[in-house]
Structures are given as structure tokens and as C-alpha cells.
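Both of the next two complexes hold chain A, though its partner changes from chain B to chain C.
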Partner chain A sequence: MIGAPILRAVLSKPSGAIGVTLVVGHVMLAVLSPLVLPHDPIAQSADLILQMPSLSYPFGTDRLGRDILSRVMLGGRAAMLIATLATLVAMVWGTVVGLLLALIGGRIDTYMMRIVDALSSIPGILIVMIFVAALGVGAAALIPILGYSYGLSVVYIARAAALDFVARDFVLAAQARGEARSTILIREILPNVRDTLAVQGAMQWSWLMLGITSLSFLGLGVAPPTPDWGLMIADARGVMPTAPWAVLWPMAMLSTLIVGVNLAADAFAKALGVDQQLRTVAA
Partner chain B sequence: MGMSRHVLCLAAALAVGLLTPASAEKVFRQANDLSFGGAESLDPLSSNRFIEVVALIYSRLMREGESGEASPELATSWTANAEATEWTLTLQPGVKFHDGSDFDAADVAYSLSRIEDPALESPVASVLGIIDRVEVVDPLTVKIILEAPHAGLPLLLLDYRVRMIPDGSGPTINENPVGTGPFRVEKVDAEGTTTLVANDGYWEGRPKLDKIQFTAIPDAEARNQAMLAGQLDYNLLTAEQAPLYANNPAFQVQSFPGGQWVGAVFRTNAEPFTDPRVRRALRIAVDRNAMLTLLEGTDGGAVGCDTPVKVSDPYRANLECPQDIEGAKALLAEAGYPDGIDIELFTSDVSPGMVRFAEVYQAQVAPAGIRVKVNLAPSDGYWDDVWLKEPAFVTAWDGRPADQFLNEIFRTGAGNNESFYSDPAFDALLDKARSTVDVEAARALYVQAQQMQFDDGGTSIPFLKNSRRVLNGKVTGILPKPEEFIRWHLVDLTE
Partner chain C sequence: MLGLILRRMAAGWITVVIVAVVVFIGVEVMPGDACTAMLGRDAARGDVLENCRDRMGLNSPPVERFVAWAGDLAQFDLGVSMKRERPIADIVGPRLRNTLILAAAAALAGVPLAIGLGVMVAMRRERPFDIIVSTTALVAMTMPEFVVAALLILIFAIWLGWCAGVVTAAYDAPALALLFATPLPAVTLALVYMAHILRMVRSSVIDTAGADYILMARMKGVPERQIVLRHLLPNAILPTIPVIGLTLAWLLSGVVIVESAFNYPGLGRLAVNAVADRDLPLVQATALIFGLIYVSMTLIADLIAMALNPRLRTRRL
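Entry: the complex of A and B
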């Protein structure tokens, strides 16, 4: 899908290289960390409360005497998994609806898009919070709710990207051949908007990471004792003046991941030549 | 000549006056956390009472003694009849209100009878609703007649809101606050600065301070910063903030036993907690000392055996209850859970430390085969939707006198009986304690009631928190004890 020339183009730019390095580093850490943990991430110790960074605890310890290094190594895993699954949900339904509306056009397209406009006017995090607060659902149930809420913006991107192609000759020819809509979508339009959607998917993923971490920060996401960056920040913010390291490390981990994904997605968008298209849609 | 000498004297006097600063006014600066958003009331019985100010301008009949017992304030002595249904109080003579009028028995009768005024909807009514009527015997003697026997009436009168105001002044007390306390109101501006001045005629002697100011600072961190910047003389502290002031001579940090606690409630009417063996296992598997250190630090509080009664309370039961993993396992096996038990514990960050309490509990009881799933509920609506509703949840309380606490949260059918505990023998014990006039005999009964809770209750209360405060280094006369123990007329600022 992504050929060597594209990858070379991405890595040749400093921002692209940094972004890809950060993302690959984070993914490797998330996958491999259980094998190399220096300490038990949930073992509490009254003797080790809020220890400064030291040789045996390089990132220090938290309010319950737990090793912060071990906790930040694991702290992104739950959110990354939820973000990945929710991104899939968002991309699938957003793409299907967006492409269909572009192809159908006319009044149905106009009316449906106004409904999407109305739904988009409600901030995504608010919708998720209402669901979570009302239903008291766990982390697993977040996936469809987040997928729905973040998928709304995918509808715009997919529809706008597809509109470029629906009036082109090859689509008209396929219609003239009497091919089914689903066939036209999958065989004629989707291959042309694939790159745009892939980049959009990466951006969606980083927003979802932020969203899920915010929910955990608010106590609506991942539940203890699972180490989680959002929970760690929420718990340590009260001791920021006296033990800044406790809040600093999870923040650094989250920021490097989000910045990395955005840099990498930007670089890929440029290399694939879809950056202009994404910008037009966003504006 | 004579005139020039006068001029000279005047000039000298002026020079001296200019060079040596006039003895500076001693102004004690506190923050008002604006918990009622500007609707603070100076009516002590209002649910919006501006308590910091109310406590300085009005006096109580009794105040806390050294070991928490009732000791004289405006009442100098008291006796009960044999059934503890009629209490006769003798009042301090020569006490005057801020407006110069005399304080006497009619004021007491009025202030106490107001508690049950339905129009006021005072929260104190639930504490002192047992008062049937108050009779004036003579100007310095009142008789309180109760609806039911209560040997602990003096302890109930310690309530921080039961304060004496002039006869008939209730409707205007918020606008014209007149009391017998060490300070009187100069200016009230809850959202700005409220100023109190010394009551020169205070019956225990003129206060050493000239003024006390309360500046509205709603944000806890902003109060902390104001304290650090030297703009306040007094502030409450959390365990995390205490290190900011340690080893700094400009400040004094005090830590003292308080009444606040965070606990886990296992509803005695919900499976699997209907079995007292399960409830006991869930409570004895806790390592109380380790939990206290983890959550509040060293010097952070006092461990106890699931009793909500303050350390300073004369009726507290001091039992021993070390962590007992094997005992918990055995109880669970006996109750039909030989392979351990799965429970779901709801919590929320609605009150400080509630989430970490659940995390520590989860880790501590795991070796006993108790697998806790912590469910983080939204803080918005926690007290409406989770508390009292879910089978197991984390709770948080402020301190109350023993009799009030035990009746409020453990008596059959009580509105705040969060564990739905119900045992007629327990209720009878509390009734008997209430009608026992002898303090030692009453103590034995209250201790027995707390022992019953430890044996088969549904509430885990591993420790009571210490309270912490920081004072400017110049402050004297404030002992490391809760606010209600501070004798404000003795507080001073020294160089």
C-alpha cells in the first residue's frame, strides 16, 4: 500500500523522521513493555511514597509508592487499544456514509448532510460523557460511542474526497455500464480516496487517544488498577507543586505520542499528495 | 517664652509620634472559601451559615473540654433529672451582647426553641429535635424538657451551630448580627472582605487581636498561594501541601486528630453482603496502618476498628484489629466462597482520596482472595445515583459526636444508614445509652455498640484523617486542635 519511495520521502524530512520514530517507539514500547518492566506497576508501598527519580526508580514513584516508569510504559496500552478499535468503527461507518452520499447526491445528500451538520454541532466528548454518565458503561462500551462520535467528521472528509471523482468519466462509464452502486464505490471511488482516508484515519486515532485519556482523567475511562496516563495525571495533579515528576512523565508520554502521530500523518499526507485535499475539506 | 515652650513641646510630641509608629493594629487574616457562593448567612441555624464568622460572634452554652466532654461556656453548670428528660442549666452572670443588652435565660429559651421552627428548615433540627420545650426558671436558670430521655444532651449542645442570640432577634439576625462572642461584626461582604473587630466587653477578657478579616478566595490552590505569599495568617492544608511549609520559620504547620473519614460500605441487604461473615472478611483483610500511611502520610490520622467516632470523643471504642488475611479466607470459605469472592466497588473523585482509597483497598484485600473490580463513577450525581444504590460503594464523612453518628448511620431505618444495617439489639443499646445519665455507664454502652459494628457491620472505616493547618510564624495561642477548640480571645500576633 505504501511503497518504499513514499516512505523514503517521509523519512527524508526531519519532521517526518521524528514523527515516524516517535510513533514506532511508542508502538514498540506498548507491545514489548510487559516483558521488560523494571518493577510491578501496581505494587503499592508506604515506604516509597513520592520518591524523587533515582537509580532504582528512574522516573520516581507516585502517591501510592508505585514505580512511575513501569506505569508510564504500560499506561498507553489500554487507551491505544480502544483508540484503534474506535478508529476502525469511525472510519468504516464514516466512509460508507460519506461515499454513498457523494454518489447519490441530490436532495438526499443535502438533507442527510444537514443532519450530519446538526449532530456535529454537539462536541464529541460531550456526547461520550453523556452516554458514559447516563449508562455508567465501562471502557469496552466506549468503542462504539467514540466510533460514532468521531466518525461524523469522517463523513465530511470521505464525501468531499469522493465528490472529486463522482463526475469523472470512469465513474460515469461504470454507471453507464449499469454497475451496482456498491461495486462503483468499492472498485472505482474507494481506491482513489484511499490515501486521503488513511491519513485522516491516523489523525482520528490521535484525537481519539486524546479523547480517551481525557475521559480517564475525568474518571470516565479506564478503571484502576490498570495503569493509564489519564488516570495518572488526574491522580498526580494534586501534588504538582511538591512532586512534579509524578505528573510530568505521563504528560510527556501522551504528548510525544500525539505529536509523533501528527508529524507522521502530515509527512505522509505530503508524500502522498493528499495534503491539499485534506486542507480544503478542513476549511 | 511660655508660648514657645508649648510650641516646642508640641513639635517634640509630633516628631516622636511620626518617628515611632503608633502601636500597629493587630489584624488576623483568614480566607473564606465562599462555599455558599456569596449567600453566606450570619444566622447560625441557617443551612448557609458563614461558620467561621458565626463561631466568632456568637457563643455556645457549652464548649469542648480537654477530652471532648462538654465544659462550661455561657452555661456554668447543668443537672438532669433521674430519667434524663429534664435538664436544668445555670447561666454565666454579667454577660452582655454586642449591643450592650444583658444575656439571660430568655435568650437561651429563644435561641433553642428556634431550632425547631419549621420555617427555618434548620439542619440542626435533626440533632436537637428531641427538645420538647425550654422554660425560663429565673434570669440565670433555664430548664430544657426533652421528648425522650437523652443523657448526652450536653454533648449535643456542643453542635457548632447551636449559638445564643438575643430574644426575638431571629428575623433580623442576618442583617444585624448581635452575639456575646469575642468579636463583633464591622463589615460583612462574603464575596469581598468581611471584617470583625474585638468585642471590648467580652466576658472572658478583651481579645488580644484587634481585627479578624476574611477575604473570599474560593479556589483551594489560590488560598495556598496566598498563604505562601504571606497574605494570610491561617489556612487549612492537605497532606500534599504540608511539605511546602515544612522547615520554614515563617510558618507553623499543625496536624491534629480530626473526624473526617473515607470508608467502604457493603450494603447488608445486598448479596453477597447479607452474610455477616462475608462483611467481616471484607473488613478484617484491610491493613489499616499501611492504608493510613499510603493515603495520608505519616502523622496523617488514627487507625480504628470500623468506628466513625472521633479519637477525641469520650465514647470512642479503642479496639485492636490487625490485618487478618487467614481469618478473612477462613470466613469466606465458611460462607461458601472457598475460592475467593468477586465484588464490584463503586467510587468517584467527588471527595478527596476516594479513588485512591478504592485502589489501596483493592490491592490490600487481594491476598485474601477478594477480587475487587473498582468502578469509577462520575462525580456528578454520585451521591444521588451510586451512594445508597449500588451494593458496595466508597463513602466520605465529616466528624460528628458519637451518639449522633451511631444513630445517623447505623440505626434501623435512619435516612443516612448507608449500609442498611438493622439489628433491634443494636437500636436498643443506643436507646439505653441515651437514657443512661452516668457517663462511664453510657460509655460502656456506646463502646459495646461500636464492638457490634466491628463484629458484623457493613462499613469499613480503616482510619480517621488528621486535619492540618498552617499558621503564620507570628501567631500564638492556637493549639494543634480542631477549630472548635480555638479560644479566639487568646489568639495573638507577636513579633
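Entry: the complex of A and C
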């Protein structure tokens, strides 16, 4: 899907190269870290509470005496997994609904978009909270809810991107040939909006990472003792005056990942020539 | 014109109704109900459960309950909190006030500053000042609110010791006491708002600066100062004002995080506590109020857009 020329264009700019490096580094760390953990990430030790960074504990220890380096290395895994699955859910349903509405048009499109407007007006975090209130905390239960909630914005993007093409001759020709609506969608429209949606998917993923870590921070996402950056920051807030390192490391990890994804997505958008399209849709 | 405004307001009300239906269904489709949530999975059995359901009126059919709930809502009766056993309106009222104080302080300080900075960096495009400010804004946009919050507490409350790190004032403290207890919650909220607005204003000014009428003004010898003040800025900034309204509405959910991070006694933290207590009526009420605030802000943004741009006044909705 991404050819060598595109990749070269992305990597030739400093922001693109930094972004891709950060993302690749984070993904490799998340995948490989269980093999190279210096300490047990959930083993508590009363003797090691809030140790300054040292040779054996390079990032220090937290208020339960756990090794922060090990926890920080693993802290993105749960959130990244949920974000990836929820992004897939959001992109699939958002794209299908958005493209269909663009193709069908008319009254159905108008009314359905009104409903989507209304649904978008409930802040996503509140939807998640309603469900968590009734179902209890559970990372797996978050996937469909987040997927629904973040998919709403995909509907707008997919619909707007597809509207550029539904009136083009090749779509009219396909309709005149008597092609089924699903065929037109998959063969004629989807290939044209693919790049826009791919970049949007990357942005969705970074927003979902923010959403999930925020939920974990509020105590509504990943459950302890699983190491998680959001949980670690919430947990270390009380000891910030004496142990600022406990809150700074997970912050640095989360920030570098999010900034990396954004830089990379921007660079890919420019290289694929879809940045203008995404900007007009967003406005 | 009046008809258009009325139609837009009607659309806003329909949205509110849809929000109410979704909030109701959201709670309805899940396994268990308000009683099992409150009593806990183990205690919710037999007579205890039945009594609770009778008391809460949960044994009547869903449609009937929705009509009853919506009827109460129409009379501004939000119901009774399960955990706190007080009318929800009494609990929500002061906290809604606190949230509005916080949001208003952040917007009043942040929006003019963001517009000013946006214009300044656009005028110094691609120079060090622009690069530094724009990059900072980009980072501020991508950082989650709770990270910004923790960072500000660390720097200003702990290292510099300029102000308190968290809010200790009670929820019914006077407005000024809340705001001056610590400026950090408003600053956190404002930073995130500002980043979005700054980047939008910057690109709008840059786009406008390339317009033909600016070139024309320059060619006929209009002083640069006058070009900027008379021709460039009004045309660049006016279109961004309604979008700023939408940005503020869209970032409303940040209030939930910021309030929790600073222990600020507002609606967002109330919502989080209601979830932790599994107090479903209170969760429903807070979700509905957030939806209502969002709808009114988008409505105001649309009306401002119509007031500023005559072309929008004739467009059908």
C-alpha cells in the first residue's frame, strides 16, 4: 500500500523521519520488552520504596517499590492493543456508514447525518463513563464502546472524502452498467479514499491512545496491577514533591509516542497528497 | 432570517431529545439496572432487589419509564441521586456553576491571547519565533490534559512553589475563591484550547495574506500598517470566530480530566465520582447536561457565524 517513493519522501523530511523513528522505536519496545525486562514489573518491595534513579534501578522505583523502568517499558502495551482494536472497529463501521451515505445521498443521507450530529454531541468520554458505571471496569469491554464513539468522526471524514467522487463519471458509468451498490463502493470509491482513510486511521489511533490513557488515569480504563502509563501517572501524583521521576518517565513515554504518531501521520498525509483533503474536511 | 434562527434552534432541541434517548438507551441495554449497580452483584437478589426496583419504579416497561423520566426532565426535575439520596438538581447546580466559572476563565484569558499569538506568528512565518510557538502549540495539542496538568503542578506548585497544586476549596465556595485558589486548572484548560485556536488563526492569516485584494492594496501603495489592520485581520479573523466556538464546545470533555486532575469541584469530577459510585441516575443527568452545554455552544457558534457572514443567512439548513 505504501510504496518506496512515498516512504522516501516521508523520511527525507526531518519531522517525518523523527516521527517514524519514534513510532517504530515504541512499537519495537512494546513487542520486545518482555524479553529484556530488568526487573519484575509488579513485584512490590517495602525496602525499595521511592528509590532515586540508580545503577540497578535506572529510572528509580515507585511508591510500592516497583521498578519504574520495567513498568514504563510495558506501560504502553495494554493501551496500544486496545487502541489498535478500537481503531479497527471505528474505521470499519465509520467508513462503511460514511461511504454508503455519500453514495445514497438525498433524504436518507440528510436525516442520518442529523442523527450522527446528535450522537457526536455527547462527549465520547461520557458515553464510556455511562457504560463503565453499569458494567464495571474492564479493558476488553472498552473496545466496542470506544470503537463506536471514535467512529463517529470517521463517518464525517469518509463521507466527505467520498462525496468528491460520487458524482464523477466513473461512478456514473458503473451505475449505468448496473453494478451493485456494494461493488461500486468497494471497486470505485474505496480505492480513491484509501489514502485519506489510512492517514485518518493513524490520527484516530493516537486519539484513542490519549483517550484510553486518560480513562486509565481516571481509574476507568486499564485495571491495576497491569503497568500502564495513565495509571502510573495517576498513582505517582501524590508523591511528586519527593519523587518527580515516578511521574516524569511515563509522561515522557506517552508524549514521545503521541508526538511521533502525529509527526509521522502529517508526513504521510503530505507525501500521499491528502493533507489538503483532510484539512478541508476538518474545517 | 428569524425563521432560519428558529429552525436552527428547533434542530438544536431535536438534538437534545436524541441525546436524552441515547443516554436512556445506553443505560437500558446493559445487563443489570440501577438497582443491581447500587446493591452490587452479590446483594442484588430476591426481596432486596424487588423492593429496590419497586421503589425506583424499575418494574414498569422501558417506554413508560422513558416518558416519565423525560416528563420530569421537561420540568427541570433531574431525579434523585441513589448514593447521595438528594435531588440531583441540588448536587449538580453548584458544580455546574463551578465548571462554567472554570471554562469561562480559561476561554476569556486564552482565546484573545491565542488569537493575538496566532496573528503574531503568522506575520513572522517560518522565522524562529513562529517555529518555536507553532511547535509548542503542536505539542500542547497532542499531549493529553492529565499530562499537562501533572507537568504544571510539578513545575509551578512543587518546584517554583508559586501556587497550590490542587484545589482544596469546597464545592460551594465563592466564585473568586475557587478561581484564585490555584490558577492551574484554568491554565491547563486554556493551554489546550489555545493550541488549537492559535494554529487555526495562523493558517487563516497566512491564507488571507496571499489573497488578491491584499496584493492590490499593496500595489496601490496602502501603508503596510493599514493593510494589516483594515484589510488583512478582519478578513482573516472573522471566519475563525464561529470555529473557535465549536473548538471550545468540542474540548468540553477535557473539563472532566482537568477537574479530576486538580480535584476541582465541578461537573466533570462529579461525573467521574458518580461512575465510581455506580450512581446511574446521576451519571445520566451529568451526561445529559454536558450534551445540553455542547448543543447550546454549537448553536451560539452557528448564530455568530450567521451574524458575521451574510452568505450563511440564506442557506437552507
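By our rule, the second predicted complex is superposed on the first by the 282 of 283 C-alpha atoms of A that agree within 3 Å, B and C clash if a C-alpha of one lies under 4 Å from a C-alpha of the other, contacts with A are read in each partner's own complex, and residues count from 1 in each chain.
The definition used in the following text is that contacts are C-beta pairs under 8 Å (C-beta built on N, C-alpha and C of every residue); 3 or more make two chains touch, one makes a residue touch a chain.
All values reported here derive from a predicted model rather than from experimental measurement.
*Asks:* Should chain B and chain C be called a clash or a fit once both complexes are overlaid on chain A?
*Replies:* Pair status: clash.
*Asks:* With the two structures laid over each other on chain A, which partner does A:Thr87 touch: chain B (first), chain C (second), both, or neither?
*Replies:* It touches nothing on chain B or chain C.
*Asks:* Considering only touches as defined above, state whether A:Val259 meets chain B (first), chain C (second), both or neither.
*Replies:* A:Val259 sits against chain C, while chain B stays out of touch.
*Asks:* Which partner does A:Ser121 contact after superposing on A: first (chain B), second (chain C), both, neither?
*Replies:* Touch status of A:Ser121: second partner only.
*Asks:* Does chain A have more residues touched by chain B or by chain C?
*Replies:* If we count touched residues of chain A for both partners, the winner is C.
*Asks:* Classify the contacts of A:Leu64 with the two partner chains as first (chain B alone), second (chain C alone), both, or neither.
*Replies:* first
*Asks:* Once chain A of both complexes is superposed, is A:Leu210 in touch with chain B (first), chain C (second), both, or neither?
*Replies:* The second partner, chain C, only.
*Asks:* Which partner does A:Ile42 contact after superposing on A: first (chain B), second (chain C), both, neither?
*Replies:* first
*Asks:* Is A:Phe131 touching anything from chain B or chain C once the two structures are fitted on A? First, second, both or neither.
*Replies:* So A:Phe131 only meets chain C here.
*Asks:* In the superposed arrangement, does A:Pro224 touch chain B (first), chain C (second), both or neither?
*Replies:* Once the two structures are laid over each other on A, A:Pro224 reaches chain B alone.
*Asks:* Counting only touches as set out at the top, which of chain B and chain C does A:Pro244 meet: first, second, both, neither?
*Replies:* second
*Asks:* Which segment, 110-118, 164-172 or 200-208, is the chain C region that clashes with chain B in the superposed model?
*Replies:* Clashes with chain B appear only in stretch 164-172.
*Asks:* So which positions on chain A get touched by both chain B and chain C?
*Replies:* After superposing on chain A, chain A residues 129, 132-133, 218-220, 234, 241 contact both chain B and chain C.
*Asks:* Taking the complex as given, what residues does chain A use to touch chain B?
*Replies:* Where chain A meets chain B, its residues are 42-44, 46, 49, 63-65, 129, 132-133, 136, 138, 218-220, 223-225, 234-235, 238-239, 241-242.
*Asks:* Which residues, counting only chain C, touch chain A once they are in their complex?
*Replies:* Contact set of chain C toward chain A: 11, 14-15, 18-19, 22-23, 26-27, 30-32, 37, 138-139, 142-147, 150-151, 153-154, 158, 165, 243, 252-253, 256-257, 260-261, 271-272, 274-276, 278-280, 283-284, 286-287, 290-291, 294-295, 298.
*Asks:* Which chain B residues qualify as touching chain A in the complex?
*Replies:* For this pair, the touching residues of chain B are 238, 240-241, 243-244, 290, 293-294, 297, 348-349, 352, 355-356, 358-360, 362-363, 373-381.
*Asks:* Tell me, which parts of chain A touch chain C in their complex?
*Replies:* Checking each residue of chain A against chain C gives 114-115, 117-119, 121-127, 129-135, 206, 210, 213-214, 217-220, 230, 233-234, 237, 240-241, 244, 247-248, 251, 254-255, 258-259, 262, 283.
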